[in-house]
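Next come two complexes, and both contain chain A; in the first it sits with chain B, in the second with chain C.
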Partner chain A sequence: MSMALFTKRLAKELSDLKINPPVGIEIEEAETFKSWKLNLDGVDGTLYAGERFALEFRFSPNYPMESPEVVFVGNIPIHPHIYSNGHICLNVLYNQWSPVLSVRSICLSIQSMLSSCTCKEPPPDNSHYIRTARSSPKLTQWSFHDDSV
Partner chain B sequence: MKVKIKSWNSVAIWKWDVPNEEVCGICRVAFDGCCSTCKTPGDDCPLIWGECSHVFHMHCLLRWLATEGSRGQCPMDRKAWVTAK
Partner chain C sequence: MNPEKFPLLSPIDLEGLSYCGFITVKGQELFFQFQHEDSNLTLRNVKLYGCPNLKRLLHGHENALQQRLEQCTNFSEFFLDLKDLLEFIMISEKPEPMPTGRYYLSLLSELNSIGWEKLEILDPSLRNLTLKLSDSSSRKHSIHISIPTSYPHALLNARADIPSISMTQFQATNLKDVINYYSKEFGNFQEVWAMLDDIDLNTWVLEPDKPKRSDLMRRIALGNHCSLKIEIDVNHPRRECQYELFGTESLIVPLHIKIAKNWNNWDINLTVRRNFENILEITFPTFQTSLSSDINFDCGICYSYHFESTIPDQSCNNNKCGQSFHRVCLYSWLQAIPSTKKNFNTLIGNCPYCNDVISTTREQ
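After this line comes the complex of A and B, so read on.
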């Protein structure tokens, strides 16, 4: 039962991303409905201009009732809300997830989080976090206090 | 020419009162279609409106509200879901 929603919705999202890709966002790999890789280009005129990053989305069969697991892989952006293991501190990926959000809207949120950054520095607790975090960022007890960056 | 009507059949259609081509935000299927678990649109797969004015396939919304993560909130505005009367 849930499989139907999960696969039908991801198939729709995939064709929508292919037909009408957002600027600076490109599908690198989406062979299965288990995980997708998307390239995210830093926007011109921001601290990340000219840089290319990769996001990995991992879906459970409960998607979109449950958020996807989203991490940066490879070249990790230096950003106050992005840990050097690729985990992203962004409320819509965790307790503020809603089934009306999508791969597209999450990519755009992350792109805008990068674009509004004014100082390229890692999170203050980065070294502690990457030593203690489990592999999935969804297992972290996040606290969200700064919506401005 | 005189015509005498001996019998007649009527045909009617109905649609949900929502803007054309709008889709349910949860399953991304048109409101005139049905949720991913149903086969026939219409009374078997009704829509549900909230007091916040947001609308979904009822089955999609109920599945969301049944999750712990929903905390009983509308997927659009994250306010407590209250079904419109």
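After this line comes the complex of A and C, so read on.
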């Protein structure tokens, strides 16, 4: 049952992203319903203007009941909530996920997280985190305390 | 290729990519040609051409053939498998008796008498045909007829799409009788179809997806995730009919009050749609008007309307939200949330859109 649900919904999201793409977000690769790659452009007038990043979404068959795994790949932005292994500290990706959210809204959340950044610096515990973190960010016990950036 | 095993087969090009010849199965010699599409000699990408008889035998066995092609490593192996397959098909084949000359003669004279313009489809075996008939309001109807091989000694089987289970099928001795019978039947349903056509034309019908002439039920969009389901009474199409309202409680309750107040004003001179519009004191939105005001009936979780033959019938009771969901989708979402409370088989949690309390029960 969930199999049909998840492919049907992703197919809908994909066609919506293709027909009506949000500004600065572009599908790089979406061949399967297992993982997608999207390009995210830094918004003009912010610290990340002119930079291009790639996000990887990995979906489980329980999507959208379960959040997708979202990480930066390749060129990883320097940001207080983004670890240098690509993991993103953002509550909607973990405990605040809801099926209302979509690939589009996650991209927009990340874009706005980048845009509101005032100082390009890595998270304070970056070196410790990347040594201990497991491959999936969903296995990390996140604590969300900073709402300012 | 082993020439002793297959004496009737020879290569037709220098590379040995194509062969043609005869395969002998149960004394029958069948011509065929076999062609590799690429030079790496795997059997994944080959083309098989055959004489009409071979084609007929293999018809309906394409999957078995494909499977054998994928399993065999070389041509000799496949050739033996093909022979086995053909032998199996020949044994299991039960030749159907051919209709007699009288069959065709009577069919021809019947079609002449009813008029060829009524014939819509005649399948190549001349065993099934479809007649088209217009009723008094020029609605088009199709009558499907299958003719037994022993015709005219056996009866014709006819079937048409009409809203009555006992009347849909009919047996007759000739096509004229079929036409007379269904013309009369179609006449009986004129009033019913007039009511349904009025609904289909002037409202946004959510269900059934593509209404058939035999469907008496319509689920009509009211807007704001609410809908009205009505079922026309086949014997009294203009009379008060059964209905059911779906949607957010806060929007449905006022409609129920209006129905209680106005139900006695039902006017059998008006169509069912007009009566419901008067009773509910609304005009039904049509598909065109709704497209502009984007009324969304899709499930808020799976983003689709039809899901495993169910439609979103659970909705959030916060009338600012009113988002609708499939029961299955909402249940599995609430089940995944640790804060959801469970009471027997009812789950009480929060609407994924507005966070208001929402509850649902497992499918019965």
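The working rule: the second predicted complex is superposed on the first by the 149 of 149 C-alpha atoms of A that agree within 3 Å, B and C clash if a C-alpha of one lies under 4 Å from a C-alpha of the other, contacts with A are read in each partner's own complex, and residues count from 1 in each chain.
Note that in this section a contact is a pair of C-beta atoms (placed from the backbone, for glycine too) under 8 Å apart; a residue touches a chain by one contact, two chains touch by 3 or more.
Everything quoted here is computed from the prediction, not taken from an experiment.
K.L.:
Would you check which partner chain A:Val23 touches, where first means chain B only, second means chain C only, and both and neither mean what they say?
P.N.:
neither
K.L.:
Which of the two partners, first being chain B and second being chain C, lies in contact with A:Leu139: first, second, both, or neither?
P.N.:
neither
K.L.:
I'd like to know which partner A:Gln96 touches here: chain B for first, chain C for second, both or neither.
P.N.:
A:Gln96 contacts chain B only, not chain C.
K.L.:
Report for A:Cys119: first if it touches chain B alone, second if chain C alone, otherwise both or neither.
P.N.:
The answer is neither, since A:Cys119 touches no partner chain.
K.L.:
Where does A:Glu66 make contact in the superposed view: on chain B (first), on chain C (second), on both, or on neither?
P.N.:
Both: A:Glu66 reaches chain B and chain C.
K.L.:
After overlaying the two complexes on chain A, where does the chain B footprint on chain A coincide with the chain C footprint?
P.N.:
On chain A, the residues that contact chain B in one structure and chain C in the other are 1, 4-5, 8-9, 12-13, 62, 64-66, 98-100.
K.L.:
Quick one: which bits of chain B touch chain A in the complex? Just the residue numbers, please.
P.N.:
Residue positions touching the partner: 25-29, 35-37, 60, 63-64, 67, 69-70, 73, 75-76, 78.
K.L.:
Show me the residue ranges of chain A that touch chain C in the complex, using the header's touch definition.
P.N.:
Listed in rising order, the residues are 1-2, 4-5, 8-9, 12-13, 62, 64-66, 98-100.
K.L.:
Going by the contact rule set out above, which residues of chain A touch chain B in the complex?
P.N.:
Touching chain B: residues 1, 4-5, 8-9, 12-13, 62, 64-67, 95-100 of chain A.
K.L.:
Going by the contact rule at the top, pick out the chain C residues touching chain A in the complex.
P.N.:
Per the stated touch rule, the residues are 300-304, 307-308, 328-329, 332-333, 336, 352-353.
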